[in-house]
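Some structures are shown below for you to check.
The following pair of complexes shares a single chain, chain A, combined with chain B in the former and chain C in the latter.
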Partner chain A sequence: MKNLYKLSGLFFFLILLLSSCGFKDIDKRSFVVGIGIDQLEQEQEGYEVTLKMAYPASETKELGNQFQLISAKGSTIAEAIRFIKAKVGNELDFGHMKMIIIGEKILTKDIEKTMDWFTRRRDIQQIALLSVGKPDAKTILSVKPKGERLPSNKLFMFFDETGTESPYVTTKFLYEFRRDLVERGMDGYLPIVESEEDNFSITTMAVIKKGEKPLILNKKETKVFNILKKSYDKESLKVNAQDQFFMLAVDSLNTSYRIKDSKKPKIKFKVDVEGTIEESKVKLRKGKLDKYNKLTEETFKKDIKKLLQKFQDTNIDPIGFGLRYRAMHTGPEKKKWKNWKDLYPEIDINVQVNAEITGTGIIE
Partner chain B sequence: MFSFEKSEVERVKPVLEKQFKGTEDAQFRTLSLENDQEIELVYIQTVIDNANIHEQFFKPFFEINDIQRYESYIKSLPNFKEFKDEQDTVKEILHGSIVFLIQNKVYMVGFIHQENSAVLDASVETTILGPQKALSENIYTNLNLIRHRYHEKSLKVEKLPEIGDKSNIQVCLLYDEKEADSEIVDKVKKRVKKADRPIVQSAGELHRALTNRKRRLFPTLLVTERPDRIAYNLYQGKVIIMIEGIPFVLIGPTVFYDFMSSMEDFYQPYWVSKFLIVLRYIGLFISLFLPSAYVGIISYNPEVLRIQLAFSIAGSRMPVPYPSYLEVLFMLIMMEMLTEASIRLPKTIGPTATTVGGLILGQAATDAGLVSNIMIIIVAAVAISNFIIPINEMSFAMRVMKYLLLIITTFSGLIGLVIGTVGLIYYLVYLDSFGKPYLKLFTSHQK
Partner chain C sequence: MSRYFYYLVILNMLANVVALVPSILIEGRLNGTVSSLMIAIVITLIYCFVFTNSMLKFPGKGQPEIIKAYMPQWFSTVYLFLLGVLYFFSTWFVLLSFIDITKRFINPELPTLYITILFLAIICPGALMGTEKTLYALEIVLIISLPLIIGIFLKAYINEHLNWDAIRIVFTHSFDAPSIDMIGAASYSLLGFYYISIYNRVLKHRLKRLGLWRLVLIGIAGVVNIFTSLLIPIGVNGVDGAGHYIYPWFSTADTMRIEFGFIERVLFIFLLLYIGISMISATITCHIGLEHVKSIFPEIKWKEIKIIPLIVVTLFSLGSILGYFLLSQIQVYELAKVFFTLLLFAGAFSCAVLLYVVRRSKQK
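Let's turn to the complex of A and B:
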C-alpha cells in the first residue's frame, strides 16, 4: 500500500513534467491569422515579413475588424519573426494562421527556400492556405473587406469552400504545395489574389516549377485548369459558335486521362459534361439538342487542348502526367524519369469531350 | 435441556427485573384469576402494539378463566416463540415481544408495532411511466412489496445477524436461489458478519462497512429505493441487502453500467431508451471533462478550436483578471455550493437560495468581469449534465472526480487530461464489487 502511494506520487510528478507548450491563457496570446512574405527591394537576400494579428473584442456584438499589421525585415523569415516578437506584448500564436500570402516577386526567386520555414515549424498548420499576393503580400493583408466579422475571414471563405465556390479560385494547402515542390512529375500552382479597393479578386493563378519562371494563367485558362484538375462542376461554359450563343450550367463533370504506351505514346484526356442551358441569346429548340451537344464539345475541346499544349510548350506539368507515368511504369526510377522528360515535349495529347445537355431550361 | 435446579421463570425473572426495572416504558403486569392463579406479562410499551394489547391478551384471559386453556391460546398465536435462554428473551423484548410467565413456563409472543410502515413515494429515482411508490422504512412491508413483484418460489429471504453493537439493526438478505451465484451469497454473508460499526443507520453506511477498501470514491454497491429495480436485479441474480428502518436497499454485485441505467429504460420504446442511454453517457462525459477541457484548450492548445470560436472565447475572457483554472475553480465551487445549499435548505426557502445564487452566478459575475460568458455556459452544462446520471451516488462520485482531472489538466494541459482519463479507466477496471469486475459495460445474464 505504501508502495502504491509512492508510485502514484511519482506518477503525479511525471505528469508535472509533461507540461507541453506551457500555460498561457488564450487572452494573453496574439493570434496571427495571416502572414505575408515579400521581397526586399534593394537588397538581394532577405524578406519583409508582415504578420496580420487579430484582436478579439470583449463584446461579442461588436466583434469585428480589429487587426494590426506588423512588419519587419530580416535576412531570413525566422529572423524577421524575431524582430516582430520584440514589437508585440503578447505571445505570438501561429496555431490559427490559416493564410499564407507570398509576394509575387518572390515567385521568381527560389521558392523552395522560402517555404522551408513553414514546413519546419511545428506550430504552423499544414492545412494553411497558400496564395500569391499581387502586387505584394502586404497590400493584400491590409485589405479591409466590408462585413468581415473576423480579420482574414473573407479569404478563408474563398479558399476553404465553406463560403463561395467559384470556378476561378484554386485552393492550395501548405502540405500539398510542399509535396508539389519535392515531387518529380508534378508541378505546383498557386492562386493569385489581387486587391480591388476593399475587396479581393481571385481569378488567375500561377504554375510554379522549381527554379523556373512561373507561368501565369489568365482567367479562362484558370477556369479550364480547375475543370481538368479537380473536375470542378460548379461551372458554366460559354458556347459561341455557328450563330449560337448559350451558357451551359454544368450539373456533373468528370475528367479522366490515360497515358497510352504504344509505339507512339499519347495522352488520352476524356471529359464528360452534363448540364442544362442557363442563358441564351438566340432561340433554342429542344429537338436540336444533339447539335448543341456537338457545339459544346467542339468549343470545350479547343479550350482544353490549347491549355494542355501551353503546358507542354513550356515544359510544365501541373496536372501530374509525369507522376502518372512514373506510377504506371516499372524499371529504375532514374531511367523512367529521363524517359518521361524526353517524352513529354513531344507526346500527343488527345482530348475527347462528351457533352450531354439534358434540357434547354424552358418548358416548350 | 434445561437445568433442573431452576425453572425457566426463576432463571428469566431476575434478569428481566435487573435489565428493565428502571425503565419507564417497561411494563411488568400481573393478571390473576379468582382462584389466585396468576400470570405475569413483561413488555416494553413503546415497541408493541399498545392499542390492541387489551383486546388480544387481557380480555381473553378473563374470558377463558383458566390458566391451562389460556396457555394453549397463547401457543396458538401466529407470532408465538418458545423460550431459548435469558439473553434471547431480553432481545425479544427489545424487538417488540411480550413475555408471558405462566406458572413455570416462559412464552413469548411477537406483538411488534412500528410507526414507519407507510410506503413512500419514489423521490430519489423518479420515473415518468414506472411504478410511483418506493419502499417503506419497515423491513416487513418492504418484503411484502418485493414479494408482490417477484412471485417465485426460489426467492430466499435470510435473516442475518444484527448489525451494530448499539443499534442492533436487523438485516435481511434477499436473493433468487436459482439465479444468484452461491459463492457471492456466501461472500456477502461473510462481509455482513464482519462489518463492525456501533451504529448503522443508512444504506450508504452499511455499504461503507461492507467494502474492504476504506477510502472509496466510486460506489460498488447500488443503493436503490425502487421495488421494480429490486425485482429486476433479483432476476439478474444479484443479492439484495435489506436494512430495518431504511427505505433503501443495497444491491450487489454491480457493474458500472448499473449506475448509468434507469428503470425508465425498460418502460420506454427501444429507440427512445437507447437515446436516453446515449444522452446519459454524453452527460457523464460533459460533466467529467468539460471544465478540464476548457482549461486545457484555453491555456495550452487554443488551436484545437476553430478560429471563430477561439476569438469569441478570447474576447469574453478579456476582462477576466485570473488565469483560466482559477476562473473555472471559482465558478465550479460556487455551483457546488448552490447545489449543496439547495439540498440542505428547508424546502420552503430552497427556491429563494437557488434564484439568488443563480442570478449572482449567471449575470453579476460576468458583469463584474470575474468570469467569462463562456464559463457560465460551461458551468451550467456541467451542473445540469451531472444530474442526468440516474444513481445519486455515482453522480456525487463524478462531481468529485472532475476536480482531479481539472488539477492534472491545469498542470499539464490536454495531455494531462488524456493521461488522467486513462488513469481513471485504470482505476475503474481495478475496482471490484463482491469479487466481480466493475467496469464491465454490460452485465451478462449468467445462468
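Let's turn to the complex of A and C:
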C-alpha cells in the first residue's frame, strides 16, 4: 500500500515537471505598462499600436525614463501586436498593463470594435485605466515626466486617485467603459490627456456614444460633470454675480436625481452643497451669508442646467437617466427603451441647488 | 448541533456560485429570474427539511445501509447506483468548469490533459479517504477561504462603480413567468444537505433534528448567496453586458481592485480561493458517489487492498478525461441545465423514498 502511494506520488511529480514550458523567466519578458492605439493616416482600416515597455531592473532608483516605445501598424490590433512581437526579443507580458490610451481620431470610428480586443484577452486587467490621447496616443506615451518612479506611473497616479485628486480628472476603468458601450440607457465617457512638454494636462473629457460622434466637453463642463456624476467634493466653485466675486471651497456635496413620471415627465436633479468661502475680491459681511447662498445656488444651477441641456440636445446620456427610467418601469426592455428614446429629447429638466455657506474662512 | 452539517451546506453554496449556476441565471436575467429563485428556494428548503430529518432518524447510518435494510434488493441496487452516478456527474461538472477556468485564466499553454490529471490526482485520493477525514479537510479549506470570500463579496457590494440601476432592472422583471431551467440551477446551489446521506455515519449524536429556525437560517444564507451570485455581475458588467461573459464571476472578480493590498488584482486571490473550494467540493461529491456505488458491490480484496473503490475511481477519471475531449463548452452548458432540472425531480423522488423508509422502520 505504501509503495503504491509513493509510486503514484512520483508519477504526479513528474507530470508537474512536464508543464514547465508555459512559464518564462522574468528577464526574458518585457512588461507592457501602457498601450496606445492610433488610427492609420493613409488608409481607412487599421491601427497603429504603440507599446510602452518597462524593463525589470535590480535597483529601485528613478526608472521612469527606462522604457522602450515600439509601434507597428496592422489591420487589427492583434495583428499589430504580432508585428511588435517580431521586433522585440522578449516575451510580451500584458499582465501589468494599466494604461490604455486611445488616439483622438479613433473615437470617430466604431469604438466598440476597437475595444473588443481588450475585453477578449484574458491577460489584460479589467481594471486598466482608459483615456483619450490628444493629438494622438503615441505622443502621450512618449512623454517623460520628471520624478517618475516607474514608467507610466504618473498617469496611473492621475487616474486611480492615489495621487492627485483634481475636479477635472475623470476616471474610467476598462470594464466600466465596456459596460457603458453595451448598456442601453447610459453612455460612456473618457478623460482627454494632452501633453505639455514634460508633463500631462488632463482638463477635458469626451462623452462617447456607440456609432456617433463624440461630444467633447470643455474645462468648465468637465468640472460640472464630475460634480454631477461622482458627487466630487474636493472642489471650489467660482461665484461671480452682482458685483460679488468669491470662491467657495466645498466641504460636502451630494447629488441625486429622480425621474418624475406624471403627465408631463421631468427629471428632478438635486444638488446639496456645503462649504466655506476660500477667496474673495470684495469685502464680505457675515450677516449676508444668506445672500451669498442664493448667489451660489443661482450660478451653480445655471451651469448644471446648461450642461444637462447640452446632453439632451445631442441625445447623449452619460449620467444614466435612461437606465434609471428602465429601472423604474416594468414591461419588456425593448418597449421601455423605445419609450425612453422618444421621451428623452423632450423631457423637462429641473435643477435644484441647495447651498449652505458655513463660514467665510478665518477672516471675515 | 454539529457545525459539520453547516460546512457541507455552505460548501455547496459557495462552490456553485461561480461557474455554471450564475451563467444560467444571468442568461435569463430579464425573464423572471427573481420569481424562479424564490420558487427554487422554497422547494429546496422543503426537500432539505424532509430529507435531513428523515436521515437523522437513523443516527450513525448512511443512506445505503438504510435503503438496503428496508427496501427490496433490486430497488436498492438500482437506486443507489443511480444516486452514485448523479453524484459523480456533479463532481464532473465542477471538474470540467475548473479545468476550463484554469485554461482560460491561469495558463492557456498548459495542455488540458495535464490539468485534468493534476486535478484528478487531488480529487481521487481525497475521495478514497475515510469519511471523517474528508470532513476535516473540508474544515481546513473553509476556515482559510470563507473569511476571504465573504470579504470579496462585501467588497463587491461597496464598490462605488457598482450600478444599482442595472440591478433594479432585474427586479422590474420579478413577476415574469419563471422557467424550470433557472429553478433547477438556483436550487442546485442549496443542495448541500444531500451530503448528509453519507456523512450521517459520522455525525451521529451530534445532530438531533433540523429545527425550523435552523432551516430559516439556511434559507437566509441561501438567498443572500444566490442573489449575490446573480446581482453583482449584473451591477458590475451592466444589465445588457453581463450576458456576454462565459464565466461572469471571474470577470467580475477582475473588476475589483485592492489598491494597497499585496496583489492589486482580486482575480488572482479569487482564483486561488476557488481552486480550493472547487477541489474540496469535487472531493466530497466524489466520495459520496463512491460510497453509494461501493455499497452495491460485495467487498473484493486483492492483497488486502479493497479493489472496488479503486476501480470505480479509475472509471470516473477515464470518463472525465474522455468527457472533456468529447463535449464542447456549449454542450456541457446545455447538459448542466438538464442535469440541474433532473435533480429537482430526483430530489422529490428521494425524499419520497426516505419518507417511505421512515414509515416502514416504524412499523417494524
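Before moving on, here are some points about what is shown:
Going forward, the second predicted complex is superposed on the first by the 342 of 364 C-alpha atoms of A that agree within 3 Å, B and C clash if a C-alpha of one lies under 4 Å from a C-alpha of the other, contacts with A are read in each partner's own complex, and residues count from 1 in each chain.
Here is the rule we use: a residue touches a chain if its C-beta (ideal position, glycine included) is under 8 Å from a C-beta of that chain, and two chains touch if they have at least 3 such contacts.
Remember, it's a predicted structure, so these values are computed and weren't measured experimentally.
Once chain A of one complex is fitted onto chain A of the other, the partner contacts of A:Lys209 are absent, as it touches neither chain B nor chain C. Of the two partner chains placed around the shared chain by superposition, neither chain B nor chain C is touched by A:Lys154.
In the superposition on chain A, A:Lys138 contacts neither chain B nor chain C. Of the two partner chains placed by superposition, only chain B is touched by A:Asp93; chain C is not. In the superposition on chain A, contact is made by A:Asp27 with chain B only, not with chain C.
Of the two partner chains placed by the overlay, only chain B lies in contact with A:Ala54; chain C stays clear of it.
Using the contact criterion defined above for the overlaid structures, shared-chain residue A:Gln125 touches chain B and also reaches chain C. Of the two partner chains, neither chain B nor chain C is touched by A:Lys223.
In the superposition on chain A, the residues of chain A contacting both chain B and chain C are 12, 15-16, 18-19, 21-23, 125.
Considering their complex, residues 30, 104-105, 107-111, 114, 117-118, 121, 125, 161, 163, 165-166, 168-169, 172-173, 175, 236-241, 244, 251, 254-257, 259, 264-265, 304-305 of chain C touch chain A. Residues 1, 4, 8, 12, 15-16, 18-19, 21-23, 122, 125-127, 160, 162, 173, 175-176, 178-180, 182-186, 320, 323-324, 326-331, 333 of chain A are the ones that touch chain C when the two sit in their complex. Across the interface of their complex, chain B is touched by residues 11-12, 15-27, 29, 31, 33, 54, 56-60, 63, 93, 95-96, 98, 123, 125, 149-150, 153, 156 of chain A. Remark: chain B residues 298-303, 307-308, 310-320, 323-324, 373, 408, 410-413, 415-416, 419, 423 touch chain A in the complex.
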